[in-house]
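Which chain is which? They are A, B, C and D, in the order written, and residues in each are numbered from 1.
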Amino acid sequence: MENISVKFLKEVEPKNAVLIEGLPGVGNVGKLAAEHMIDELDAEIFAEIYSIYFPPQVLVNDDGIAEMVCNKLYYKKNAGEDDIDLIFLTGDYQGMTPQGQYLLTARVLEIVKEFGVDMVYSLGGYGQGSMIDKPRVLGAATNHNLVEKGKEFGVVFDKEHPSSGIVGASGLLLGLGKRLYDIDGLCLMGETSGYFVDPTASRAVLEILLSLLNIEELSFDALDDKAEEVESITNKFMEMDPSSGVGQEGKSEHLRYIG
Amino acid sequence: MENISVKFLKEVEPKNAVLIEGLPGVGNVGKLAAEHMIDELDAEIFAEIYSIYFPPQVLVNDDGIAEMVCNKLYYKKNAGEDDIDLIFLTGDYQGMTPQGQYLLTARVLEIVKEFGVDMVYSLGGYGQGSMIDKPRVLGAATNHNLVEKGKEFGVVFDKEHPSSGIVGASGLLLGLGKRLYDIDGLCLMGETSGYFVDPTASRAVLEILLSLLNIEELSFDALDDKAEEVESITNKFMEMDPSSGVGQEGKSEHLRYIG
Amino acid sequence: MENISVKFLKEVEPKNAVLIEGLPGVGNVGKLAAEHMIDELDAEIFAEIYSIYFPPQVLVNDDGIAEMVCNKLYYKKNAGEDDIDLIFLTGDYQGMTPQGQYLLTARVLEIVKEFGVDMVYSLGGYGQGSMIDKPRVLGAATNHNLVEKGKEFGVVFDKEHPSSGIVGASGLLLGLGKRLYDIDGLCLMGETSGYFVDPTASRAVLEILLSLLNIEELSFDALDDKAEEVESITNKFMEMDPSSGVGQEGKSEHLRYIG
Amino acid sequence: MENISVKFLKEVEPKNAVLIEGLPGVGNVGKLAAEHMIDELDAEIFAEIYSIYFPPQVLVNDDGIAEMVCNKLYYKKNAGEDDIDLIFLTGDYQGMTPQGQYLLTARVLEIVKEFGVDMVYSLGGYGQGSMIDKPRVLGAATNHNLVEKGKEFGVVFDKEHPSSGIVGASGLLLGLGKRLYDIDGLCLMGETSGYFVDPTASRAVLEILLSLLNIEELSFDALDDKAEEVESITNKFMEMDPSSGVGQEGKSEHLRYIG
């Protein structure tokens, strides 16, 4: 096998397409958001990415079927009022090493560059370390026009955050995209505690993204149901042991299975 | 040297062959099982695999002879009632890094694909963290037919297990086999404490594997002797210090020399 | 992308040029010194280096603009009394792995070798673990003439220091330069506590470097301002908790944002 | 630069040559032994090996000269009664990663294979964890003839030792040599505490090696002086704090500077 194997499952011919990335990360905010859009828009998978930079692991589903961990590319034609094409990147894991992160991101950028993509939206969470009531969406972008446009739609470009930059695929898609592939990018990060999967932060990110893309028809019901489910489990833990806080490893581990 | 050097020791021409993998892992269940079959069926070694992904180490046997750590491929022609050919993969170590795991597994799949192999049985242990009286054999497979077939032969496809997937060669053979080499696979995992080498779990795995392969003639005497030996040592430790449980590092270390 | 991508932003034709390296390191002494020279001499950037050996990260500036972490090469024509050309290497990070350190350094040496460079000055800090009042500049060089010349300009070649060698880009530029690229080198290390960014050590290094290069016109005002700023913060911490010493992680972390 | 750069300094044409390896390791036994032979026989350096698998570091000598860390190959023509040619491998470090260990060892084997070498003696220490009065020399070899020959010269092939094999260059030279390069090998390991550099163990190894090679003329004076120096420092530590044993990190660190 090659270090990164891209398996195309069907031919697609995106036009005016943008890339939307939602890989696992803080609170799984980006992954939940991207998967929700994929589900609601009936986007179809067109490529799988297997790589030595992922964990050497299969996941086993409830039927006993083993599935190789991978990243996946989905495609949705003519979405929203502007009939734009969407390409989604999501998956089980990000690259496990810094070098893997670079090479996987560069490979995705090469693929979408071939499709004429010149804009990427990378979605993620911004861990605040404390419970968030009403998550803001923090942003970073590759140029000042995108920063201004983001502000118009409610994105917060806060001098304080993120002070140490953006690590991982969401950051690399912007940085490598801008410098090596001439692709612009806007990163949207929903505020989240960082302790649980956070569908509420995902919804906050999605609301802004959908406005930016002029897509109106999307229902948030599935995401809201998931948010309620997480909240109910969170509350149960709180009642069991209110003194211990919410940051304990055991709890967050458990909650990661949701979503 | 290449990163992975395959040294063929003799020419083989397998037909209708399946691959059986038993590399070191939890309780050494898979390795013991594969080695027992190799011994009992008089399978012959036909290839050695040396690799920079193994530890940089020789093992020294009782005669003072240093042997390079490696993986080995064995071949048995016309085994069992159905006269099927068997290829075995076993060895001293699995790859030491995630990337090595991927590349070594892919290399083995390439080799057996050349031989027309379209089915792999990967054998392993499933660590339960407590002593197991009568080990079940848990499974995962690459398609629903194999799951159904496994169930008929007593394999348990438990929704709870393995919750986090299968890590290492046993998982990758299924995942990469299915996705990149069009090879199906069934993973058989014998329940084991995880503290000791566990010939009893190996026997449980083997009984099901042999039924699946329609091989009847195999004696389990050598494996049972080994099981008794382990049990006697285990008991001795228990008597010496019954309060300390069986999970102590020192004990499991010692017991690893058996097998 | 390649493992190391060098993006040339403009054509330069250095003559009699020397390379001056100031990458992040102990007390950021080298980086501060190189950046100060770049600023004061109005050197212009001519190449950016992106690499899988850097952290997979973008830095976000106060405007919300994401910038890919990278190293940068600057050029200054006809500097100082001798009209020598200067090439500067600075950046956000050094390579994150030993292998990356080697390959990045070798790449820079290949680039400057093309430009006819046969001398490199690598700048850094030498952590003493205690507050330094008047920093000496310790040195190491690739040949005895350079050692002698360094001594004439006040560089200390102390048998005691650095006892364990010089790790990272500053060392590799000398070692690989000498052995593989026929480029000589002198490493200048300003004594520093190692706890804070240290513009005072940078000034000590620069004073000697500028004498060596026969460059007189440089102002140190910006560097001195920075030194005052650091001292004021350091003192504040001392007052807050004089018993705790200056080596606490929290403090040095905070101070790293300066500079 | 290449991942491994071999710089030949002069042409040599070894005949009937054997390779003698003494890289840093337990008690630096092998390195001291090889360097002592190189010194006493006036062997001359003919190649330097630079590699991304070594630490990214220069060593600075007492004159302030920076030297790139490397491995070195030396050559001695017509040594001993049998006029055999000797090639020595020594250096500052072994490869820092398992993969580097493999690739560096394989490269050396390729070089000496070109010279017709078909036998390697790898020298090392065998750490016993307690002070050794009269060190035995433990061995491992690639075939039974070498084991028998070793026994005749006093090498101990103990079933108990080394129970877990031989890790690093000394092991790989035997294992890879035998399997991939058709080169036989004998590993000689002097018993040592493992806490200090141990010239006494080096002498024990050398005495047997020289007998095996039929070389008589060598003086051990320099090695004995070093042994006395180490013993004097060891004793001083013992007096200072007899209760603390000799295994403390600080002590062994200090003593590593000897040798």
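One rule holds for everything that comes next: a contact is a pair of C-beta atoms (placed from the backbone, for glycine too) under 8 Å apart; a residue touches a chain by one contact, two chains touch by 3 or more.
Since this is a predicted model, take the numbers as computed values, not measurements.
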item	value
Common touching chains of chain C and chain A	none
Of all other chains, the one whose Cα centre sits farthest from chain A	D
Rounded Å distance, chain B centre to chain C centre (Cα mean)	53
Centroid spacing, where centroids are CA-atom means, of chain A and chain B in whole angstrom	38
Touching two or more other chains - residues of chain A	none
Interchain pairs in contact, sorted by label	A-B, A-C, B-D, C-D
Residues of chain B that touch chain A when the two form their complex	95, 98-99, 101-103, 105-106, 139-144, 147, 150, 157, 159, 162, 165-169, 171-172, 174-176, 178-180, 185, 187
Of chain C, residues touching chain A in the complex	1, 3, 5, 7, 48, 50-60, 62-70, 96, 257
